[in-house]
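One chain, chain A, links the two complexes that follow: it is found with chain B in the first and with chain C in the second.
Let's turn to the complex of A and B:
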């Protein structure tokens, strides 16, 4: 940020470069802020849910109730209602996915952290690859490898001539479009949201350095930045939900019998 | 364009935000796996246990309540039937008592009547016997006295038993006739 203030050739709008944070310790590429945040989220989520579930009382304490609410939301709304009777196998994965993404997203508006881990595309890539592996593996285990490939390439109930265009589309959907859209949706939302907040807060900051007229406008920039922060919170929750929901739907599709 | 990059790190990296970084891929995978293992081992089973116990507690509670209600209904039925039974029994006892009472009264009355008849009969018999005895003894004594008296008057001893008795009979018959 100091670089902006020190610059003398006018306002530099925030760009993709602002997401390329340098390693904190020397040149070690494992010591960047996003990586620390990712591990911080692991610690926070683990500590929270372990202490919430430790006693597992029939009549829950407030902490247990809070943890249970999140867990039963993922378990029932995203697991049971979407996947169906075999959902319990996938609940740990969906639960981890939701809490991990949500926590890392919310880091984007937590004071002092203020960086959404998922705006680094590597993290959504990893999650999308895991989901890709999970739902294909579930489908192969459920249907067998060749029936599954056949089902992807030649969906039943379609006239033969249509396969000419349908087969490439289906194959691309299952192998490329699903993981790519899944990861890019999350990444782009977090990236754009963080960029938007940077524009308003750095812009407001810059306006404050300017002439008196600009100084008067600055509060509006900050005010709008705060409004957008709330908006971001909504987007962060929504994207965590969406990623988990889509994963659950892919798994449901993998377990569904077409006949 | 390059001079806009703030740090050497950023300058060394590609600015394309869609290109992943190896370190972050590894770190992301490790972090996620770690969290997955922790949540799967420590959190999910505990919550599931709590859910199961809760379901059990609620279902058990309902079951117990249903059983209690059933028991209560059975007990109520039992009491009701016992009550009506007792009422019937009481009715029967009262009826029996009434009938028995009537029978006893009737019995006593008959006994009293028989006793009265018996006493009357006995008295009558005894009176009759006494009367007969009195008549016999009177007849003897009056006969003897009269005979003796008549003997004395007539001076003639009426020793003959047959005649004596005939005279007395005639005398008494005359007495009864003159009455």
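Let's turn to the complex of A and C:
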């Protein structure tokens, strides 16, 4: 068996190296595909919503209806229902976040683009840092700096000695675990999803070049790949929603009064 | 909190529960990370192997207690 495998050229499975795309223009590291995709998403989102809202009619056109559906989804489901009565201040941020992440995620299954920008971990990191700043700033504005720090560090109703154990956990939760899990969840989902699709399509391609028996199996690999593409679409939407939802929840927590 | 309609109150409650769910995961992770990490550090320092276990148990226990403090006392 080992000899058989060794005699073959062998299938080279896709790996993390497949995500290190070379710069497009010369050696400039700022001209990689993910960066262009991020800019493209900004252009697409802007053009779509500007043209959807330009001629606002009482009886909306299809475009206006589509734009307004997305907006009211973010505004009502993610803003109003989660944050509560002060939600309008945060809707622009939530809306930008949701549409930006969603577009970049869906790039993962758009023909020719076919790369989820968020599978490069720096993008989710930056978004999580922005969310981090937003919800801490909102909390400090709402509660004042020292009461907020006190609320984080010292949950009420505990013997003083126990704070030695609890305070590090609280501080780590607010300062490290929240932004890190937020960004890693998005990154890992996009990374794994893209890898999964690569395995099925590159594997199918490899099978096609093999013996006749392997050629017969190849359609199944492609078939699964297509099914997984639909599955990926679902994951991409879900992760964009989840990132925005958690951001809204952190903001809600920042504005909630401790009781 | 003063809410006008029972419907509003219901929605608010279920929303709070959903919020709690996500925060609980965060607390559990950081409890394990912090105290497990401290235990691991002590192990490295003293060349022992059991402080990481003590740390993980302490962290898990403490974070569950913290979850109860934050969400379970009403």
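By our rule, the second predicted complex is superposed on the first by the 244 of 259 C-alpha atoms of A that agree within 3 Å, B and C clash if a C-alpha of one lies under 4 Å from a C-alpha of the other, contacts with A are read in each partner's own complex, and residues count from 1 in each chain.
One rule holds for everything that comes next: a residue touches a chain if its C-beta (ideal position, glycine included) is under 8 Å from a C-beta of that chain, and two chains touch if they have at least 3 such contacts.
Treat the numbers as computed from the prediction; the structure is a model and nothing was measured.
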Discussion item. After the superposition on A, what does A:82 contact: first (chain B), second (chain C), both or neither?
Written reply: second
Worksheet item: Which of the two partners, first being chain B and second being chain C, lies in contact with A:170: first, second, both, or neither?
Response: second
Worksheet item: Is A:58 contacted by the first partner chain B, the second partner chain C, both or neither?
Response: first
Discussion item. One more residue to check, A:71. First (chain B), second (chain C), both or neither?
Written reply: first
Discussion item. Between chain B and chain C, whom does A:255 touch in the aligned arrangement: first, second, both, or neither?
Written reply: neither
Discussion item. On the A-aligned overlay, A:178 touches which partner chain: chain B = first, chain C = second, or both, or neither?
Written reply: second
Worksheet item: Of the partners chain B and chain C, which touch A:102 in the superposed model: first, second, both, neither?
Response: neither
Practice prompt. Would you sort A:126 into first (chain B), second (chain C), both or neither based on which partner it touches?
Written response: first
Discussion item. Which residues of chain A touch chain C once you look at their complex with the stated criterion?
Written reply: 81-82, 84, 155, 157-158, 162, 165-166, 168-170, 172-173, 176-178, 181, 246, 249, 252-253
Response to the item:
In their shared complex, chain B is touched by residues of chain A numbered 3, 12, 15-17, 19-23, 27, 29-30, 32, 34-35, 38-39, 41-42, 45-46, 49-50, 52-54, 56-58, 60, 64, 67-68, 71-72, 75, 91-93, 95-96, 99-100, 120-123, 125-127, 130, 184, 187, 191
Response to the item:
So, in the complex, the side of chain B touching chain A is made of residues 4-10, 13, 15-29, 31-32, 34-36, 38-40, 42-44, 46-47, 49-51, 53-54, 57
Discussion item. Applying the document's contact rule, which stretches of chain C touch chain A when the two form their complex?
Written reply: 11-12, 15, 18-19, 22-23, 25-27, 29-31, 33-35, 58-59, 62-63, 65-66, 69-70, 73
